Structures are given as structure tokens and as C-alpha cells.
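The same chain A turns up in both complexes below, where it pairs with chain B and then with chain C.
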Partner chain A sequence: MDDILSSILSPGTFNQMLRSATPVALAALGGAMTEHAGIMNIGMDGMILMGAFFGVWGSYMFQSAGMGILMVLAMGVLVGLFFALFTVQFRSDEFIIGTALNTFALGLTSFLSRSIFGTAGTKGNPALPTIHIPLLDRVPFLGAVFNDNSLFIYLTWLLVLAAWVFVYRTPYGFWLRAAGEKPETLRTAGIQPEKMKWLASILCGILCGLAGAHLSLGQLQGTFAENMANSRGYIAFACVIFSAANPSKAYLAALMFGFFDAIGLRLQDYISSDLTNIIPYAITVIMMVYVVVRGQQRRRQGHRVKAT
Partner chain B sequence: MKNRDKGSYFASLALSVLLAFAIGAVILAVAGFNPVQAYAAMVDGAFSNVRHVGDFLEYAMVLCICGLACVLGSRVGIFNVGGEGQLLLGAIAACQVGVVMNGQSKWLVLPCAALAAMAVGGFYALIPGVLKVKVKVNEVITTIMLNTIAASFCQFLAKGPWKNPNRNMVAATGQLDPQYWFTTLIPSSNLSTAILIAAVMAFLTWYIMQKTAVGFEMKLTGQNPRFAFFSGIKTDKIVILCMLISGAMCGLVGMFRVYGVEHLYRSSISNQYYFEGLTVAMIARYDPVTVILLSFFFAILKIGAQGMELSAGVPNQIYLIIQTVIIFFMAAENGIFTSVQAGAQRKKARAALARKEEQSHG
Partner chain C sequence: MKKKLLALLLSSAMVMSLAACGGGGAASSGTPAASKPANSGAPAAPEANALQVTLVVADTFGDRSFYDSSKEGVDKLAADKGVSVKTIECNGENHTTQMRNAADGSKAGDVVVCVGWEFYDVETVAPDYPDVKWIWIDNATSAPVPNVLNITYAQNEGSFLAGYIAAALSKTYVVGAVGGEDAATINDFIVGFQQGAEYYASETGALISVVKNYANSYTDPAVGKECAIALNDQGADVIFQIASATGDGVFEAAKEKGFYAIGVDSDQKYIDPEVIVCSMKKEVGSSIYDAVSALLDGDSSRWGTTWVADMSTGYVGIGYGEEGSTQQVPDEVKSAVEELAGKIASGEIKVETTR
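Entry: the complex of A and B
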């Protein structure tokens, strides 16, 4: 029992937590944008998958990870435009479009991957650099957790901050939230809520694309495997709901997912990996229930306070 | 649907299918394949051999029952996205019943297996159903999480406690005795007598939804839960019941796959088949009869695509692309129409304004 505990509390676990959390966190940032704009976006899984594929493809074609990221950015904008075209312009059912987008991404990436790389997939393409912070490696524990990680782990922190400032401290963020909460009021104020929805959708496409790029070009060093998003988009959606679309809280929720994922990986030495794989997903369901129940309790208490 | 609506629905469906194939052709051409050859290989893959016909009929059965299970949920306003997990659990439970009860009469084993599959699938659907009704937790997320959990759990059972005694079989449960297998209808194809049971199920589902009072209550619950509740319908009960039946249907599909095709449990029992059924239900706009008709079309497409991969080397995923493009068009049909209309009106208004200005200048 003691070695299980010491293996769980090792710096390796917390480093793995950061790694597992980052793609989910990036996607959750994107999901926070669409959630604020009042779009139910369950198509994030597909967006991540497309990001993962186009990142590797760009990196393979130009033999440069930077070009892979550029390709992902372009793809993210396109996917965002595509998603907004249907959900905002054509007012289609968001649930249908989201589900269809996920299946479409699975079909398109698998088709292209098999056409270009064959059935085995691809690996070993130019990957994103890892960042070495001098002096940090002398700090025990923290050094092993925070040093020598893939670029996007650090970039995500900046993006969380940027997203938070954008949503809560800029007029655009204010309009974005208004577009979701009170679209008619926003229209009266002279700003078209549809425009903010388009913006949110494009930002979401880019952020989810980056999440996928981190997965394929960062975490797995230039590897693409079919369906590699593996329901992370849905977990990101759950994180958005846990955090009420607050970017910093969404990051914490993603960290929690990462933590349980890391524990699962640690426990693989003791239990079948098929059982440990269940942990993060089961925790997500439990958290979903907890958050909803908690919210209902608060609302009830709120009513009571008002009544007295 | 009224007849006139049906006409326009099928017209736009036909147009969407055509456009989807056109877009599929462009993607094929870009990827360096000859679209004409690929599509010809697709038709060939589905019809060239009577074996393939059997395969697509079996797949149509899977799509149809999964699609109807989804329709059942959406009719009362709950999306059962968790059919995949219910199917897998139903399959492994049914299989294990057959393995454990080996030696008993098949008239005892088959009903027990079916009951086990329905019970397990139904119970697994009950979790998100109850959470949705009692706690108001979004069922889409919970069902998708439960899918992954079920898939991992079945994998664990197939590798560990219920593993096939044969060492070379990795991640598969014990095999069923041939006396329990459903009789194959077309030799060396996947088609078995299970399709007859499935046909009865499909008919019953349609009948209950369209022709009975319960079906009407379901419709009311889905369309306007508040109105339904205040007119005395026990909406919570109906939603949970529908979810239960929906899960039981998915579980039975799992049993059909085990007893009809694979004869043991392994992960190839279902490769996201429920999601394809759900897609069919979406394209059919949750209309039971249309689901039944369309499942044949998409089954032909899928089996054809697999044949195409073997004969022409084109990855069969082009099938998923074509299918989803059809959904995009069908889901956006109204939107595209009104957008185009609004655009035309704007143009007309601008032209009228320009004419007016010209007149006032002239």
C-alpha cells in the first residue's frame, strides 16, 4: 500500500497531470467562449481531432512543427466558420451539428490519414519543442513537475489568463456574454449578437485545434492515430459546465481530470489498465452530478434568503 | 409527417444525397482516387455477391434497431447517446449467459441470454435517464462518459475474468456452442434469423409510437413537457421507461451480434455502430418509418464502402464523410432556404431603392 501511495504522490504523477490536463484545458477554453455566446457546443471532440491531424500533416509536409501549427490555426478558423455557418446562420440544431461534426472529423481524418500515411498512421514527424527553464531543475519536486514540458503546457497558462481577461475585462467579452444571456438587449445596444457568436465559434475552433495540435505534435511527438481525441472534447465540455464557463475555473477542472488520469496511469502497475482507464470518465460523471445538485441547492438557498 | 411534408422531405433528402456524393467525389479526387471507379466499386461491393447482400441486410438491422432506440429517447426529449455502451454490455452479458449455461436446451438459453442483454442494457440506460429526470444532469455528457466506461469494462472482462480459455485469443470471451447460434440465412454472410426478431421489434416500436395512447403521451411529453405534466401524464415515468426500453433494445442488438455473427464477445462486436444508427435517426428526423427505410440505404453504403476498400484501395471512411455531409445539408435545409430567400429579398429591396434614387435624380 505504501509504495502505491508513494508512486501516486511522486512528481511524475503531477507532471502527468499537467500533460493530461493541457489538451482538455485548451479545448475547454474554446468551449467557454461558445458557452458564453449561448451555443451548446458538443462538436469539440471533432475539432480536437482535426487539429491533431492537420498539425501532423502540416509538420509532415513542410517538415516543420511551426508550419503544422500554422496549418492548425487556419484549420481552426475554417472549422469555426463552418460551425457558426450552421448553428448561427442556418439556425440548425446544435446537438445534431455537433454530433455530425464529430463523426465528420472522424471520417475525414481517418480517410486522409489512410490515404496519405497508410493504415498504420504516422509518427516521428517534427514535434513541438520542450522548454527548459534554467535553475528550476535545482528545485526539488517542483523542478520535476514544471520543467522540461512541451511548449503548449506553458502557453496554456498564458491563454487561460488571456481568455479570462478577454471574457471579463474587455468590451468584446462583455458583448460575448450578453450575446448568450440577453441577445435582444445586446441588439438594442447596437451590436449584433450573431457577430459575437461567429467570433466565439472561430475562437473555439482555433483553441480546440491547438488542443489537438498539442496532443499530436507535443505530447505524442508528431504522431497521429485514428480517433486520438478519445472523448477529450466531451470531457472539456463537462469542464466548461463545471466551471460555468469561467476560463480559470475550467483550467482547474481540467487539472482535476488530469490528476485522475495520472493516478489511473500510476495504478496500471497494480490493476488492469482497462479498469484504470475508467477512473477519469467515472469521476467526470460524478462531478457532473455533484455540480448540478450543488447548483440546485444554492438556488434554493438563494430563494430562501430572498423570502425572509 | 403529413403527405405534403413527406414529399418535400424526400425531395430535399434526395438533393442532399446527391450533393453529398458530389462532395465525396471531390474529396476522393483530391486524395488522388478516381471517383467514378470508387463509386462503381462501392456499388459492386454491395451487390456483386449474394454474401454481401446478406451482410448489408444484417447491418441494416443493426442500424434500424439502434436508430429506433434513439428515436424512442428523442420522442420524449432525451437523447440516448449511450447506446454504444448499452450494446457492448448487452453483448457481453448475453455471451456469458450462453457460455455459463452451456449444455442446456437452446430454448432455455436463448431467452435467458436475451433477458440478460435487455436487463443489462436497460439498466445501463437507466442511470443517465434517472440522472436527467431527477437531478437534471445533461444526458449527452453522462451517456458518452458511460460509453467509454462500458467499453473499458467489457475489455477488462474479456481479457481477465471471462477470458477465452484459448491462449491465442486475446481480449475475447469464451465461444458459444454452435447449437445456440442463430441460423445463418445466406451462407457465409452475417445475415441470421435475428433479423426476423428485429423486424418484429421494429414493427412493435413503430406501432407503439404511432398508434397507441402511450405513443401519443410520449409525443406530448417530448414536445411540451409542462403541458403534458399538467394534463396528467406522468412525464418522469414515461421518460425513464423510454430510456429503459431504448437501452434494452441496444442490449438486444448486442446479443444479435454475438449469437448471429461473432459467436463470442470481442470489441469488433460494434465499431461505433450505435452512433451510425443515431446518425440515421437524425437524418430521418426521428420518424420511425423513415429510419427503417434509410437504414437499408446507409447499410448498402457502408458494406459497399468496405468492398470498395478491398477492391479499389479507397479507405472506407469516405462513407462517414458522405453520411455526415447529408446530415449537414438536412439539418441546415430550412436555414439555407430562408437565408437564400432573405438574400433575394434584400437584393430586390436594394434594387428598388436604387431605382427610386435614380428617379429622384433624373
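Entry: the complex of A and C
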């Protein structure tokens, strides 16, 4: 038992938690934007995959990870525009467009990857730097967890803060939420809800793209493999729903997934990997039940308030 | 509100289906990935009426190991023997349909090669196409089918050697293995690997421990990297990857954390000669090449049987990369490995198996 605990509570576990959570968290930030704007976005997995590919492609073409990120930003805008074109402009079914985007991303990245790199794929392109914080390595435990991580692990903290401020403390964020909750009211106030939806969709494209770029250029050293997003977009979607699209709560939810990923891997010595593999999905189901139950409770309380 | 409920329902339905997929391993992905049949670039212009070989792989090319090895085999057939080649990638789904597609596109006497244990329906499909010669790679039909040649590989025997090398190079006396999933074929590698490591330990009187985990994905290098780091945290300093493209992450972890890795299926040394000490080779391509070459020479006696490519056939073994690449395995270990290979081939050493 001591063995289990010491392997679960080692710095390695928490370090992996940070690494595994970051791509999911970045995508969840993007998903929070579209969720607030009232777009159900299940296309995040595809957006992540495209980010992963275009990051590596840019890094390979210009031999610079920074250019990879620039390329991902451009791609994120394009994908966001593309998504909004169908969901906002043409009012297509969001679910279908999201699914189509995922399938399209898998096909496109596989096709481009083979055309550019051959079937062998690519690895070892310029990657993002890791950040060394002086003095932190002298702190036991925390140093091993928080020091020497890839750039985006730290940038994500800033982005979470920025997203939170944007959503809850700026007029744009207010309009964004209004576009989802009371679009007619917003229209009466003279602002087109569609515009906010376009903006949310573009932000989501960018943030999901960065999630993918972190996966291929941060967590990995410039490596792309077909279908490497591996359902992280769906996990991110679960985080968005669970956190009611609150960026900071979404980050915590992503951390929780990261944590269970990490202990799942370390528990394989004791229980079957088939069981540890379902932990994240089991957590998702529990989360969903929690969200529904909480929603019902609130509604009941709401009625009581009205009654008195 | 209605919309939100719908979103919840759909998303929970989706995660449920994901969970189901996770359990089944490489069964299918959440979104229907379009399977894309593609004509492969056969270098030699095939003669009209030439024998056609259709290669159907269970997942996709680009793994730099198992499936790519089979592709090399048929490409070589095209170059040397002038056969025409078609390839179909199943992307992890619709295996039975794609088998039928391959057979429908074949004329009498043509060959369809199915690469992957997923094609178990060959048992029922092949009798519907009696004129087509089938080859099933990596598994065997429960009963012989006259027009099916099963080729299975004694990966446990090759992995035994890999385990021996791993133990010989380990300084911590902990060696590790990252598997793609907890499945019979993958575990066949692992039991051999473990036995080989223990064999080395028994020779030297040291105690060795073998640690392992499973990535539960063949396409996620990030998870592969985490798996390898977790094993390295447990002390493993030589790690064997048995996880296709997921294994790329194992190599990266090796480079970053400074330990050794062992490649799988193809000779993967070239991917990173500094950390990949050797590879456990499963020469899928050569075995397909030889089987079809024999057929071209008029020998179809192998069909209807299961051909076990074991150590004595030379289709499993250890590769140390191209000449001139950095070598971490000392010569005396290499010669010991050669000797062991002889003992395994002659049956003097019996390697355990999960099949």
C-alpha cells in the first residue's frame, strides 16, 4: 500500500498532471468561448489535430518553432472563420459541422503529412523551449513539479487569467455571454449577437490550435503522428460543460483529468490497464451527472425564491 | 435550456461511446474516419495481366514499423517481380468490408494480404472468393482454410533477445516495456522480453525487475512519452516500445531523460541512433515477399496452412541499424545474442508465449 501511495504521490505524477492537462485546458478555454456564445462546439478535437500538424509544418518549413506557432495562429483564425461560416452564417447544425470538422481534420492532416513528410511522418523538428526558473529547483517536490516545463504550461496560466478577465470583466465578454443567453436582448442593445459568435469561434480556433501546437511542439519535440489528438477535444468539451464555461474552473477540470491520467498510468502495476484506461471517461460521466443534478437543484431553489 | 440538455445528452452519449472504444482498443474511433483506398506508387510499370497483390492494413501506414514493413515487402515485389500493387488502409475500422473490397477488385489467382489480427473474418470471407489467394499476417484461422495462408511471428523469441540486451545494458537492473494495449500479441512480446532479461540476470546472478505499462493507443506519441517517463521514474533505464506510432514518444523520452530504448518490428535505429540501441525485428515485408515469390514460381503448397515465422526462419531477430551507426551494444553481448538465437532456433531454449 505504501508502494502505491508513494508512486502516486511522487513529483512525477504531478508533473505529468501538468503536462497532460495543458493541451486539454487550452482547448477547453477555446470551448468556453464558443459555449458562452451559444455554439455547441464538438469540433475541438479536429482543431487540436490541425494545430498539432500546422505547428510541426511551420516549424519544419522555417526551422523555427516560433514560426510554427505563427502558422498555428493563422490556421486557428481560418478554422474559426470556417466553423463560424457554417454554424453562424449558414445556421447549419452545430453537431454535424463539428463532427464534419473532426473527420475533415483527420483526413486533411493525414493527407498533408504524407504529401510533405512521406508515410514515415516527422519528428525532431525545432520545438518550443522549456523554461527554467532559477532557485525553484532548490525547493524539494515543487521544484520537480513546476520547474523546467515547456513554455505553454506557463503561458496557459496567463491565458486562463486573460480568458477569465475577458469573459467576466470586459464589455466584450458581457456581450459574448449575452449572445449565448439572451441574443435578442443584445440585439436590442444595438449589438449583433452573430458578431460575437464569429469572434468566439475565431478565439476557439486559435486556442485549440495552440493546444495542438503544445502537443506536437511542446510536449513532444516537433513530432506529428496521424490522429494524435486522440480524443483530447472531447475531454476538453467535457471540461467546458462541467465548469459551465468558466475558464478557471475549466482549467481545474483539465488538471483533474491530467491527474487521473497520471495515476492511471502508475496504477497499472496493481490493476488492469483496461480499467485504468476508463478512468477519464468514468470521471466524465460522474461530472455530467453532477452538472445535471446541480442544475436541477438550482432550478428548484429558483422556484422557491419566486414562490416566497 | 432545452439546447443545453441536448448538449449534455449528446456529450454524455459521446463519452460513453468513447469509453466503449477505449475498452475495445483499436476497435474504432469516435468519428467515422473515411477509409481511403489508394493506389500505391508502384515503381515498375506492371505488365498487363500481371499478378495483382492487394495489401490491406488494419490501421494506417506511417508507423515506421509493422504496416510500413508490409508495404516495403509488396513494393519490393512490384520492383523485382513486376506484380501490380494496390493498398487499402482501414484506419482501424470496416475491416471485413475492406477485405471484400480488396477481393472484389482482384481477378482469379490474385493475392490479397491482410495485415493485422483484426482481420479474423477472413475465415468466413475467404471461402466466398475461392479463386483469390489470401495471406493473413499476425494471426491464424481457427481451422485451415484452403485458400488462406496464415503467417504468424514468434515475437516472443525475438523479444527474448531484446530482453537479454536490455538487461545487459541496464545499470539500474530495471528494464521496461511500453505496450500499445493489453492484448495477446503485445503480451507475447512482453513475456519473451521478461524471460530474456531474467535469463541474463540468472547468468550474472543479479536480480532484475521488468516493469511495464500500456498506452492504450497506437497513434498518441504524447501518451507514449508519458508511459516511458513513468517507467523511468520507477528506475527503468532501457525501455522496449511495442506501440507503433505511440512508441515515437518513448524514443523522445529516452532522449530527454537520458535512457536507452529498443525499437520494434522494423529496424528503427535510424530514427534516433543515439538512444535506440537495437530493434526487435519482425520481418513482415520479407515474409510476404517470400510467400508471394514462391507463389509466382508455382509453389502454392503453403496455402491452407499456418506458417510460423520463428527464430529458425530468420524472420524474427535483432537489428542493430545500418553499418556505421553508433553502437551501444558491446560486441560480446552481440555474440552472446547470436548464440542464444541459435539455441532458441534449435529448441534448446524454450520461450514462453501467450498464444
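Please note the rule applied: the second predicted complex is superposed on the first by the 294 of 308 C-alpha atoms of A that agree within 3 Å, B and C clash if a C-alpha of one lies under 4 Å from a C-alpha of the other, contacts with A are read in each partner's own complex, and residues count from 1 in each chain.
One rule holds in what follows: contacts are C-beta pairs under 8 Å (C-beta built on N, C-alpha and C of every residue); 3 or more make two chains touch, one makes a residue touch a chain.
Please read all numbers here as calculations on a predicted model, not as lab measurements.
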item	value
When chain B and chain C are modelled together on chain A, clash or fit	clash
First, second, both or neither for A:91, with chain B first and chain C second	first
Which of chain B and chain C A:293 touches, first, second, both or neither	first
Touched partner set for A:115, first chain B, second chain C, both or neither	first
First, second, both or neither for A:107, with chain B first and chain C second	both
Contacts of A:170 with chain B and chain C, given as first, second, both or neither	neither
Of chain B and chain C, the chain that contacts the larger number of chain A residues	C
Chain B versus chain C as contact partner of A:215, first or second or both or neither	second
Which of chain B and chain C A:42 touches, first, second, both or neither	both
Chain B versus chain C as contact partner of A:266, first or second or both or neither	second
Doubly contacted chain A residues - partners chain C and chain B	42, 95, 99, 103, 106-107, 110, 114, 230-231, 234, 237-238, 241, 272, 274, 277-278, 281-282, 284-285, 288, 292
Residues of chain C defined as touching chain A within the complex	3, 7-8, 10-12, 14-16, 18-19, 22-23, 29-34, 36, 60-62, 64, 68, 71, 181-182, 211-214, 216-217, 219-223, 225-227, 229-230, 233-234, 245-246, 248-249, 251-252, 255-256, 271-272
Interfacial residue positions of chain B with respect to chain A in the complex	27, 31-33, 79, 81, 131, 135-138, 140-142, 144-149, 152-153, 155-156, 159-160, 275, 278-279, 282, 315, 317-321, 323-325, 327-328, 331-332, 334-336, 339
In the complex with chain C, residue positions of chain A that touch it	7, 10, 12, 16, 19-20, 23, 38, 40, 42, 45, 95, 99, 102-103, 106-107, 110, 113-114, 119-121, 123-124, 215, 219-221, 223, 225-228, 230-231, 234, 237-238, 241, 261-262, 265-266, 268-269, 272-274, 277-278, 281-282, 284-285, 288, 291-292
List of chain A residues in touch with chain B within their complex	42, 86, 89-93, 95-97, 99-101, 103-104, 106-108, 110-112, 114-116, 230-231, 234-235, 237-238, 241, 272, 274-275, 277-278, 281-282, 284-285, 288-289, 292-293, 296
